[in-house]
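What follows is a group of structures, each given as structure tokens.
In the two complexes that follow, subunit A is the common piece, with subunit B as its partner first and subunit C second.
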Partner chain A sequence: MSFLPYAVAAWVCVVGLYGIVTSRNLIHLALCLTITQSSTYLLLLAIGYVKGGGPPIFKGVKLGTTTVDPVVQALTLTDIVVSVTVIALILALALDVHKQAGTIDPDEIREMSG
Partner chain B sequence: MTWALPLPVVLPLLAAAVATAGDHVLPRRAADAIAVVGAASSFAFALVVMLESERHVQLHWFGGWKPHGDAAIGIAFAADPLGAGMAALATGLVLASVLYSWSFTREGARPYDVLLLCFGGAMAGFSLTGDVFNMFVWFELMGVSAYALAGFQIKELGPLQGAVNFAVTNTVGAYMILMGIALLYARTGALNLAQIGHGLAGHRPDGLVVLALTLLVCGFLVKAAIVPFHLWLADAHAVAPAPVCLLFSGAMVALGLLGVTRCYWTVFEGAFGAEHAHDVRAVLLALGVVTALVGAAMAFLQRHLKRLLAYSTISHMGIVLVGIALLDQKSLGGAADMVLSHGLLKGALFLCSGIVLLRFQDVDELRLHGRGRELPVVGVMYGLGAVALTGLPYVGTYLGHAQIDEGATLDHIEWVQPLLMLAAGISGGAILRSGARVFLGWGPKQDPLLSPEPAESSPEHDASYPALLAVTAVVLALGLVASVVPGLGQRVEHAAGVARDRTAYVDLVLHGIQRPAPARLPFVVEPTATESLLYGTGGLLIAVTLALVGLYRRRLPDAVRAPVGAVLGPPARVAKLVHSGVIGDYVMWITVGTAVVGGVWAILLH
Partner chain C sequence: MTRRVRIWIFLPALAGLAALLVWGYLGIPGFGDYHGPYGFVLDRLATPLRHMDNVVNATTYDIRGFDTLGEEFILFAAVIGVVMLLRDTDEKPEMRDEVESDLVRVFGTLAVGGAILVGLWLVAFGFVTPGGGFQGGVAIAGGAALVYLVAGYRAFAAFGDEQVLDPIKGVGAGGYVVIGLAALVSGLPYLTNLFSGGAVGTVWSGGSAGFVNWAAGMEVAAANLILYAEFLNQYIVPIARRS
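So, the complex of A and B:
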């Protein structure tokens, strides 16, 4: 098993977090959040990979055929579904922030601090 | 009775679906009734499950997919008394919140009720599930409903900022949890808590296990608002409607700590328990004590009532984390008692602030100076809630404090008790000070120490005050008597013992072997140690003293004021700067905090 997918997952995660921390635009920030999220897909799929394994579709396949782990793929799908809701909500909030404040720079909306 | 186990989750979700489906068809009152029935039936079944689980841990395999050999194939709900108790508290608070909102939130009530029901169902599911990925799903459902509820008043900028900060930080936390789950799956090939714990037990922990522990614990600590992961909490509480704050403070943050408890005792204890328990304890204990003190100090610097109460919630979550971090049965029981009494009392205080907001369209301590005299009943309830949170003997949070104190004595970690007393005293003092200024008109009308806040308005103007007062009074009364309920202390300690017993849990979930039911639990109020009485009284004395100092510090002689101001001023200014309200900073703190916790554990646990 190669080390590379794990390194890429860690790298994508850090890139996404860097984007969130430095973001000056809420839509950009939401996208960075999805980038962080894609690192979890990479990690899950890398964990379930089996060398030489085919897709985990068992219809019409001979018994004993090697496939990759279907569980992590199910987890990934659930993760996508759940997180799309969050991203949609953040984008909707960004839209309303723009309506109220005329800007979507998180540094300029400081209703609250301290 | 295992058929009852999924009902606290299924019923509110079903009610939410029916209410949504009938949105344009049903008359207003019918939709309200569906929400109340959904919440009430969920609470009733949660209580049934809790009482049953005290005799036997309840287990339900969905679709009848029972484990085969040592491998769990399906998804299970496994309710131990601690988790079932948490589900009962959460669903009970949802019921209180729905009833309170009935007379409070007049416009756009349907999506609001639906969100409350989803939130309740998700919290119950998180408490009852026995599967780690299922925990993640409930965690996210709970999150999404909560973000929407926090930003419910989208016509104002404050709620939008609070909701965005809340959503982004908690989603980052959720991804950390998911990565931790992935690593555990990679190691054990399992998602069932019992099976993971069984797989890790007895093996030397390596880098992967330490990383998984760090990611899971830090992810849950984001939800639990533990320093330095806490920054979102005050923003979210300050802007959410009061009945939603009741759920945030009373149940949601405590669920983060339930996640930590489950994680440690069911999953990781077998790998770390033997030789590394004190290293895990050291890190969690440090985080808990720092959180208790920082939260209390920040509470003292606030003038926005809900923000002040929010910081005091952070402080109390620190105290609960200390109870968990001591890693013994008595302290864990104390932590659970603290969650119960704090949830009810802090919830009642938020409901009081909601009544104040409705009446005066403002919750600013200085602007409301003395105007609260029009609401004497609310003033009395606010004061009682504040006093009960200081740990005064046999009132409110006292039982939790006493059990944590006794646990700390047994573990020979006596330095922690005076610090917890101090934290409870400071945050209690902050609440008392705000109450005295608003409801009695004590102290000056200006105070440069307190953070300035924008005005807040409530979109509702008409409400039934008797109904609001009645719900608040019931929640408050339950919180006040929590320390003198006969047998509660012993039953909670029994629940803590069950939650810590990994081998019995594994036997039940994987092999279906039920341990014999315990003998009848005693039905008395146990006397507590003298030192707990002293610490409890000390907490109240500190609170009253600090409240008076906060109100009348200008009357102190200059010789006292100047040096104290010189010492405490700079750290207070730094603390205010750190709580910047900017989301990038918050995520930075989460990243750094996780790296530090992981680094320390990587060194200690190897």
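So, the complex of A and C:
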């Protein structure tokens, strides 16, 4: 079962993409985008996992102890925080679309005018 | 474009993605068998070289600090975008605090203090134990957002005041850049960790990356609070207009 976490990451990615493509609501669409993005966290952390590895924190732990990869964790933690603000930006855009067009169904927004 | 058309366009793209994923997955090590060099090198170097126990944060704020600078500015730009899109009204409705239960107010207020304290602790000891500017910043903002839940909009408005938050966010983002410049002025590469001589396992263990850590914490906390305040305003203003 050594491929299961990778398969889950791929599944989460595709589920999110499917949601984006079939979405009838811009807020739903934004959340689907978050789900797709979360699949990258799963993939990164799965790649960085080392069998029997502890957390990469050496407070009270002997140097040289096997740990999981700290680099992918650093990538993931900054991205989680940054993604929240980017999703906020997308939601703000959805609010703006609602004010302009009166709907947040992407199919009903006839034209995207500036 | 109708839904059906979109799905038909999506299917070939999905097949392409599946092919890419399978191709990529065949080339990566099995789960738990990772033997890439960087993480292992960092594990051995971060504590002796940088005096930091938490290798994740040593990576984020010191060794990969330049990359995090870029991410900070994505966050900075996104928040400015939100503020520009949503600031169609500067209206600050006068509202009574909605929460009337004394019990909720008292224990809630205690929880606010506790949450903010935890956030500060997460930032301060980011190089020793799990935590750091990003995580602590979110915790601090979360603590302040609790004010809305336990008291109401009027009480939260003091925490969500952009006159206060904008400078904090700016100092956080600008401070990061300036700390990097300090190394440049000393004739070292940008964002080199200066005086990283603090004792291992203490608040001071980060050297100048400690300031970077605090700058990130300030920016993340202020940015999140600005977002909360902006979206809350979108919700509150129509209610206030109706009543």
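Convention: the second predicted complex is superposed on the first by the 110 of 114 C-alpha atoms of A that agree within 3 Å, B and C clash if a C-alpha of one lies under 4 Å from a C-alpha of the other, contacts with A are read in each partner's own complex, and residues count from 1 in each chain.
Note that a residue touches a chain if its C-beta (ideal position, glycine included) is under 8 Å from a C-beta of that chain, and two chains touch if they have at least 3 such contacts.
In this text the structure is predicted, and so the values were computed from the model without any measurement.
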item: A:33 touches, of subunit B and subunit C: first, second, both or neither?; value: first
item: First (subunit B), second (subunit C), both or neither touched by A:73; value: second
item: Partner chain in contact with A:21 - subunit B first, subunit C second, else both or neither; value: both
item: Touching partner for A:93 - first (subunit B), second (subunit C), both, neither; value: both
item: First (subunit B), second (subunit C), both or neither touched by A:58; value: second
item: First (subunit B), second (subunit C), both or neither touched by A:47; value: both
item: Between subunit B and subunit C, more extensive residue contact with subunit A; value: C
item: Partner chain in contact with A:84 - subunit B first, subunit C second, else both or neither; value: second
item: Partner chain in contact with A:3 - subunit B first, subunit C second, else both or neither; value: second
item: Common interface positions of subunit A, toward subunit B and toward subunit C; value: 13, 17, 21-22, 47, 71-72, 78-79, 82, 85-86, 89, 93, 96, 107
item: Touch list for subunit B against partner subunit A, complex; value: 133, 137, 140-141, 143-144, 147-148, 151, 154-158, 160-164, 167-168, 171-172, 175, 178-179, 181-183, 185-186, 191, 234-235, 238-239, 301-302, 307, 451-454, 576, 579-585, 587-588, 591
item: Touching residues on subunit A, where the partner in the complex is subunit C; value: 1-6, 10, 13-14, 17-18, 21-22, 24, 46-51, 55-59, 63-64, 67-74, 77-82, 84-86, 88-89, 91-93, 95-96, 99, 107
item: Complex interface listing, subunit C residues touching subunit A; value: 1-3, 6-7, 10, 14, 17, 21, 25, 28-34, 36, 38-40, 42-44, 46-48, 53-60, 64, 68, 71, 74-75, 78-79, 81-82, 85-86, 88, 128-130, 132, 134-135, 137-138, 201, 220, 223-224, 227, 230-231, 234
item: Partner subunit B, residues of subunit A touching it in the complex; value: 13, 17, 20-23, 26, 29, 33, 36-37, 39-40, 43-44, 47, 71-72, 75, 78-79, 82-83, 85-86, 89-90, 93-94, 96-97, 100-101, 106-107, 109-114
